[in-house]
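Look for chain A in each of the two complexes below; its partner is chain B in the first and chain C in the second.
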Partner chain A sequence: MNCRSEVLEVSVEGRQVDEAMLALLHTILLHRSTGKFHYKKEGTYSIGTVGTQDIDCDFIDFTFVRVSSEELDRAIRKAVGEFKEALSNSGSDGMGQISLEFYQKKKSRWPFSDECIPWEVWSIKVNVVNLANEQERQICREKVGEKLGEKVINIVEVISRHEYLPKMPTQSEVDNVFDTSLKDVQPYLYKITYQITDSLGTSVSTTMRRLIKDTLAL
Partner chain B sequence: MDNDLSPQDKKDLDKFIKFFALKTVQVIVQARLGEKICSSSSSSPTGSDWFNLAIKDIPEVTHEAKKALAGQLPGIGRSMCVEISLKTSEGDSMELETWCLEMNEKCDKDIKVSYTVYNRLSLLLKSLLAITRVTPAYKLSRKQGHDYVILYRIYFGEVQLAGLGEGFQTVRVGLVGTPTGTITLSCAYRTNLAFMSTRQFERTGPIMGIIIDHFVERPFPNTGHMHACDYRATGEEDGVGYPGVEDSQEVCTTSFSTSPPTQLCSSRLSYQPPMPGAADLCYPAALNSTNPHQAEHGRVSSCPPADPGHHLSGSPSTGEDAETLSRSGEAKTACRPEALETTFTRKVGAFVNKPSTQVTTTGLDLPFAAFAPRALNSEENDPMVHPPESPTTASPLHGSLHSQDSVDSAGQTQDDFVMVDFKPAFSKDDLLPMDLGTFYREFQNPPQLSSLSIDVSAQSMAEDLDSLPEKLAIYEKNIDEFDAFVDTLQ
Partner chain C sequence: MAHFDTEYQRLETSYNDSPPGEENLLVHVPEGSKSQWHHIENLDLFFQRIYNLHQKNGFTCMLLGEIFELVQLVFVVTFTVFLVNCVDYDILFANKLVNHTDSSKVTLPDAFLPVDVCGARIRDNVFVIFILVISGVFWLHRLIKFIYNICCYWEIRSFYINALKMSMADLPYFTWQEMQARIVEIQKEHQICIHKKELTELDIYHRILRFKNYMVAMVNKSLLPVRFRAPLLGDIVFYTRGLKYNFELIFFWGPGSLFENEWSLKPEYKRGSNRLELADKLSTRILWIGVANLLLCPVILIWQILYAFFSYTEVIKREPGSLGARCWSLYGRCYLRHFNELDHELMSRLSKGYKASSKYMNCFMSPLLTVVAKNVAFFAGSILAVLIALTIYDEDVLAVEHVLTSITLLGVCITVCRSFIPDKHLVFCPEQLLKVILAHIHYMPDHWQGNAHRYETRDEFAQLFQYKAVFIMEELLSPVITPFILIFCLRRKSLEIIDFFRNFTVEVVGVGDTCSFAQMDVRQHGHPAWMSAGKTEASIYQQAEDGKTELSLMHFAITNPHWQPPRESTNFISQLKEKVHREAICGQQGILTENHIFSSIQSESEPHSLIANLLVGPPSLASLNLGREASMTNHVVDVGLADGASALRSFSPLSTSQHLRSSYASTRLPRSDSAALGGGRAMVGSGTDARTASSGSSAWEGQLNSMVLSEYASTEMSIHAVYMHELHKQQSRGQLSRHTWHRQDSDESSEGIPDDGEAPRNLPRSNTFPCAGTPQQEGAPLHNTAQRRYGGTTESLSGGSRPMARFSRIPMGGWAEEAQASRLHDPVPEEGSEDELPPHIHKVT
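Entry: the complex of A and B
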C-alpha cells in the first residue's frame, strides 16, 4: 500500500520551537487517537471516551487542542525536547525536520522480526530564525500564530479526505494497529523521528539508527 | 434512494445526524465562551458520550439547538447554522462568523452507517474542535467581558452570509459521505473588522468602578434571538459606557488631514469632560457628538484604524487614577497575554521611570514608527502624533495592547490592521520628553569626563617632576609584583 506523506513547513524563533511542534503534533494525534477499546466476548468492542484540552502557547499567539492524556503529552514533549536540543546543538543554520509516522506492524515468521509498515507520515520542516529586537519578536509571535492556524487547517483538510486508515483490528491484532500502552487513550501506532540539516544542506539522518533500533526492539 | 438503506440503518443515520448537529453546536458555542475548555478522557465507556468524545452538554445550548431544528434534521437545502457575533456595551453588534452544517446530494451508498459514518463524524467533531480555535473570533472571544460579549444564534434553513461584510473567508472543516447525502461543515468568517477596530473592545471602563448603566441599548432586529456566550454572568448589562469609536474615528480623520499635532491637541481638548470625575457626564457628552451613521457596518478603512490616542480623547480626564484602577479591574476580560501587560509596564523605554499614574500609550507614541521596518505600522502609528501633554491617556490604549493580537490575527488580508504592539526604546520618555532625534543631537557632544581631562593650569611640570622620585620608590618596592605580572602575560 502506498504511504501517505504530508509535509508542513514553519519558520519560528528558537523559543517557539517547542510550542509550535507540540501544537502541530498534538493536532495530528487528536485526529489519530481513539478511546480505549474494550473487547467483548462476541468479538465486538466498545470504545472509551476521549477528552480534550485547550492549551495556550506562551511564546506564540495560538491555542491548540490536544487529547486529555498526560502520558501521551509526556511522550510527545520528550520527543520534541530531543528535537529542540538537537537543533540547538547543530550549527547556526537552525534547520531540521521532525516526522510523525503512523505505522502498522506485520508479524513475520521467526527469525525475521516484525515489519513496520507506515501508512501515514507527517513531516514538519522547521526553520529557526534569529530575531534582533523585541519589535520583531512581537511580530513573530503573531505571524507564527497565524501560520500555525493555517497549518491546522491544512492538517484538517488532509484528514477530511478520509483516505486509508487501517482496518479495525480484532482483539489479537489490536497491538499491531494501536498503541495500547496508554491507560486513557489509544492512538494509532506511531513513532517520532527527526533529522537536522547541517549548514551544508546534507541531512544528518537518524534513519540508520532508527532501522537498527526497530529491528532490535521487536 | 432510501430503498438501499435498511430501516435500522436509516434510523441510526438519522440519530447520528441529529446528535452530530447538537454536538456541533455545543463545540462551537463552548469555544466562544471565552475560557479554555477541558474534559477528561475515560477508558471505560459510559455509553452516553456520543462519538466517543467528551463534549459537555450545556442545557441551554441544547435547548436552543433543538428549538431551531424543530424536529427536523439538516438535509439537502436545509442547513443548520450557528452565527457568532460580537456586541459592544453600547449595543453595536457585528457578525463575526457563521458555521454551516449542510448536506449535499452526493451519496455514498456503500458506506457502512453504524461504523464508518459514525467514526467519520467523530473525526469531523475533532476537526471542529481544532478549527474553532483557529478562526479570528476565537481570540476575540477569549477577551470578551467588560467591553463586549460574544453572542450566538442558531437558525435552520438557508445560509445567510451577508452580515459578514466584504471579503469574508471560508474554511472547510470537513465532510462525511453518507448513503443519503454528504454532510459538510464549514465556517465563513469576517475578515474586515474595519468598522470597529478591535482595540476598542479592550478598553476598560473609564472610571473608578462606577458602572454606567444609563447607556441606551439600541435595538437590533436579531438581538432577540441572540444569546450570550457566557455562562458566568450576564455580561451584556454590565457594560461600562464610554464614548464610542465613532467619536474617535471622527477625530482621527479630521486631525490627520492637516498638520496633526496642533489639530490633535485641539480636537482632543474638545472632548474634555466639563467636570473632571464625572464620567457619567462625559459619556453622554461624547455621544452627542457622535454621528449615528457611523455606527453602521462597513465603515471602512478610509478611516485609519482607530488610533488609540484618539480614543483617549473621549475618556474622562479623571483618567489618571482611574486607569490604574480600571486596569486592575480589568480582570473580567479574560486577557490571556498577561505577558504583554507586564512587558508593557516594564519596558517603557530605555531610561524611563514611569510614574504609575501616567499611562503611556503603545500604538500612539511611536514617532519613528514610520521608519520601522514594516510599512504596515505606519498607518496606525502616526509618526506625527506626540505623546499627550496632559496625562489623560486612558486605559483604552492599554486595551490596544491586548487587541493588537486579535486584530493582527484578523487582519490577515487587511494591511491596515496589522498592529504591532511594541515599545522601542526612546518611544516614550516621561522624564525627558523628547524624541530620539532631539536626544541624539543634544547628547552627541557630551563634555569630557573630568578625570580624563588634563587641566594644564592646575598642574605644572615642576610638580610632576617633584613627584617622580616618590613614584619611582613605590615602583621599586613593588618590583616583584610587576615581574610576576609580566610573567603571567607570557
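Entry: the complex of A and C
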C-alpha cells in the first residue's frame, strides 16, 4: 500500500484500556492537527491558534497533552468507548486493535465514487491482562505509565521525521485534506477503526469488495 | 480525570489571531495539489497500467484492440450457432434441389434456413442454449471489465499527457527505459510514492513484476509441478495458460490466497510457527479449486476448442507449414526469464534466438522419416502434377467431384513431407548453434554444453521450444489435465510452498513484500559456481539455480544503466566487466603475435565466428577476421571466453559508427552532446560507460539514440551471458574429478561428427585417453585461463599451439570428411599434441 504504517503494542488491564487508548490517540492527533485556516484574498491563508490541555489519568500514573477541543475529544472518546465495549463483549482472550488512519480524499471521475486514500495508519494493538490482587494492580499502574511514556516519545520521533504529508490545500480543496467540521481545531482527515482479535484477515465487506475488484482486474 | 489548563489556549477572536498591525506577517500560501498524481493509492496497478499502455502503443490502439476482442467473441459464438443450426447443408452439397423459378444457380442465401425455423431449432436444443448462456455470462463479464478498464486507462492516459508531457501519438517512439526515466523524474515533483523521495528503476520493476518474479523463482527452484514422468512419453513438461492461471489464482489473488492484497503477504504466512496448519489450509484450498476446475471442465473445454478452431484454422489453411513451426513454450518463457525482466525485454531476446533455435532443432532430422517423406512426396507430387496438367488443359476437370479436394490435400501433403526433408545445402554445427542460442536466451542447463549433438539435449530443448501444434494440443488438453495436476501434484507440495513464501519474501520499504530473489542480491542468493564464490552466503536452498541471480543482476544493470545497485552488487558487476574487458584486450594481443600463423587457415574457421557474426549483425570485414582469429587462438581452453571477448571487440567498431549516427541525431536537437561522442570513441571493451554517458545527457532528446542504445545493451548482455556460462563451465569442470573432466572433453571432441543421426557417435572413451592425465596436465586448463590471459607472450604461444591440434577437430558440420579424419586423429591425447608441436612455437618466436 502506498501509505506508512506504524504499529504500537500495549498490554493493559481492563479498566485502563480507554485511558491508554485516549492517551495514544490524542498524542498522535495533537501532532496531526493545525489551527483553523482562514483563507484570504489572493489565495493566501493564515492559521489560527490551538490550545492544549494536560490530562491526568485515573488508573495509570500518566499525564498526557491533548488539543483542547471538546468536540474532538468527544469523537475520540466515542470511538474508544465502542472499542472497549466490543473488547469486553468479545469474551475471547482480550486482544484487539484500534487503528487511526489519516487519509485524503481524491475526486474521481463519474463512474467511481471519491476515493479515500490513506497516507498514514497507526495501529495500536491492545492486549488485556487480568490481574489477581491490588498489589499487582499498583505495579501495573506504574509500569503502564512508563510504557505509555515510551510510546509517546516513539510517536513524536516518527512524526518529526521529514516524510510525506499532504500538501497544503487551496480553499476549495481544504475538505479533501483536513477535517473542517470542528470549530476550534482542524486535524487531518482521520478515521478510527477497530478490530477484535486478529481474526483471519479482513472483514467480509472488504473481502467482497476486493473480490469484485479482482474479478474486474483479471 | 483532572484537567489542567495550560497557558497555551486558543484565542477566541479567531479572525484577529495576530497582534494588531501585523495581520499580514503570518500569511501562508497554499501549495494546493497542482496535479492529481501525488500519492497514488495502488502503485502496483498504476505502474502496470502505465506499462501496458506503453506496450500497447497508446490509448486508441488499446481501445480498438479491446473492442475488437469483444466483437470477435460475439462473432465466434453467433457464427458457430448459425453454422450448426441455420444452414441447410443438403442444399449446399446439392443433395436437394432448390425450387427456383428464375435461374438454376444456387446462391448462398438459398442455403440459409428461414428465421423462424432457425429460432425454433435453437430453442429446442438444450445444449446450444447452455452454451449461449455461458458465453453470454462470460461476455457480460468481459464487457464490464472492458468498461472498467477503459475508465482506468483514461486516467493513465491523462497521466501520460499531463504529468509525463507526452502525447499518445508519440508513445510508440519512446522506449520503456525512457518512460521509466520520466517516471523517476516525476516522483521528485509529484511524489507518487510517499515512502521515499526518489524512486529507483528497481522499485518500478518490482512493482510491475511482483508476482512474475515469484513464478520465475518457483520455476527456478523447481517448486511448481510442471515436470512429469509419463509412462510412454518419458520426461515431459506440462505448463499451460490454464495451469498458470490456476497457480496465480491460488497464490496471489484468488479468494483466500496467500497475499492480502497486491503488495503484502498475509502476516500469518510470514511466521514460521503454524506452518503445518497453513499448509493444511492451503492444501484444502487447492483441493477445492481443483474440484471447481473439474466441474467447469466441460465449459472451458468447449471454449478452448471453439477458440482454437477459429483462431487457427485460417492460419493452417493459409500456410500449413505453420503447424510445423515452433514457438517458445510457456515453461520456456518462465525458465528463461530473468528476475526483473519485463515482457517486452524477454520477448525481444527470445525472438532474437528464434532463428538459431529453429535451425538447431532442424539439425535433428530422423533419417527414416526423411526416406519415407521423400517417397511420399514423390508419389503425391506425381499425382498432383498430372491433375494440375489436366486442369490446365481443360478446366472442366475441376468440376469433377473431389478433384479440387484432392489437389488441395495433395498440396498439403507435399508441404508436410517437405518439412521432413533436410535442406541439402544446410551446414550443421549444433554446438556452435547452441552457443549462439545461449547468447540470446542466457540460460541453459550445464549438461547441454558439449552434448549439443545428442538427442537428449534436443528433447530437453524441445521442452523450451516446442512445436506450435504441440502447444495448441496442450492448450486443448489443459482443461482436462489441470484439475488433476492441482489435486494430485500441487497439493502434495503445499508445505514446500508455504515455506517458500515465508523464506523468500522480504519487505522492502516503499515496495511492499517482494520475492527476495528479485532483489538480485549476490550475497543472499548467489551460487558459488557462478562467480559469486566468496561473496555468497547462501545455503543450497537459498541459491538460485543456473546462475539466475548473477545473470539477472547483470541483465538488470545493463538494461538500466542509471540504476545504482547496492555496494556488493556493484563490486560484482564491475569485477565481471573488468574481466571481460581484459579478455578482450589480451585476446587482441594474442592475435597480433600469431596473426601470420593462421592467416592461411583462418577462412576455414567459419563456425567460430558465428557468434560474433550473429551478435553483431553485419560487422565490418576486419572485425570479423579478428573475431575468427581470437576464437581460434584460445579455442582449446576456453572457446567461449574468446568468443565473447572477440565478439565484444568486433562489436566496437560497429558501435562507434552507430554512435556517430546517434550523436548526429542529438546534434540536430539544440543540445549536442559531445560527451556521448567522446564516450563512443573511448570504448573498446566495455561500452557501458559510453552508453551511460550518452543516455545521461540525451535521454530526453534523441529517440533514435535510445533505441540504438537498447539494442546495444542487449548485445552486451548476450556477450556477458556467454562469458559467464563459459567461466562457469570451467569452474565446475575444475571441480570435477579428472576422469569426468576427460570424459567431457572427449564428448566435445566427438561433437565434430556430423549429426545426421547415422554416424557412430560414441568412441570407446577409455581408449580415447589412454595415458593422458598426468597431474600437471589435469590442472592445466584452469591454470591457463588464469595465467595466459594476463600473462606474457610465451603463455599465449603455448596456447597458440593448441589450436592446431584442436583445429582438426573443430565441428565442421558439412565437412564430413574432415570430421572423419579428425575422428581417426582422436586417440592422440589433446595434451600430448602440445609436446609434438613445440617446433612451431619456436619458429614463431
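One rule holds for everything that comes next: the second predicted complex is superposed on the first by the 194 of 218 C-alpha atoms of A that agree within 3 Å, B and C clash if a C-alpha of one lies under 4 Å from a C-alpha of the other, contacts with A are read in each partner's own complex, and residues count from 1 in each chain.
Here is the rule we go by: a residue touches a chain if its C-beta (ideal position, glycine included) is under 8 Å from a C-beta of that chain, and two chains touch if they have at least 3 such contacts.
These figures come from a predicted structure and were not determined experimentally.
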First (chain B), second (chain C), both or neither touched by A:Gln53: both
Which superposed partner A:Glu142 touches (first chain B, second chain C, both, neither): first
Touched partner set for A:Glu173, first chain B, second chain C, both or neither: second
First, second, both or neither for A:Glu157, with chain B first and chain C second: first
Touched partner set for A:Cys3, first chain B, second chain C, both or neither: second
Partner chain(s) touched by A:Lys106 [first = chain B, second = chain C, both, neither]: second
Touching partner for A:Leu131 - first (chain B), second (chain C), both, neither: neither
Partner chain(s) touched by A:Lys40 [first = chain B, second = chain C, both, neither]: second
First, second, both or neither for A:Ala86, with chain B first and chain C second: neither
Chain C-contacting residues of chain A that also contact chain B: 35-36, 38, 46-56, 58, 68, 168, 184-185
Chain C residues touching chain A - in the complex, by the definition given at the top: 1-6, 8-11, 14-15, 17-18, 23, 26-33, 36, 38-43, 45, 141, 144-145, 147-149, 151, 154-155, 191-195, 253-255, 260-261, 263-264, 266-267, 512
Residues on chain B engaged by chain A in the complex (per definition of touch): 36-47, 49, 52-54, 115, 120, 123-124, 126-127, 129-131, 133-135, 138-139, 142, 171-177, 336-337, 339, 343, 347, 372-374, 404-405, 408-409, 412, 418, 420-424
Chain B-facing residues of chain A, complex: 27, 30-31, 34-36, 38, 46-56, 58, 61, 63-65, 67-69, 133-136, 138-139, 141-142, 145-146, 149, 152-153, 155-157, 159-160, 162, 168, 183-185
Residues of chain A that touch chain C when the two form their complex: 1-4, 19, 35-36, 38, 40, 43-58, 68, 104, 106-107, 109, 111-112, 115, 117, 119, 163-164, 166-171, 173, 176, 184-185, 198, 201-202, 207, 210-211, 214-218
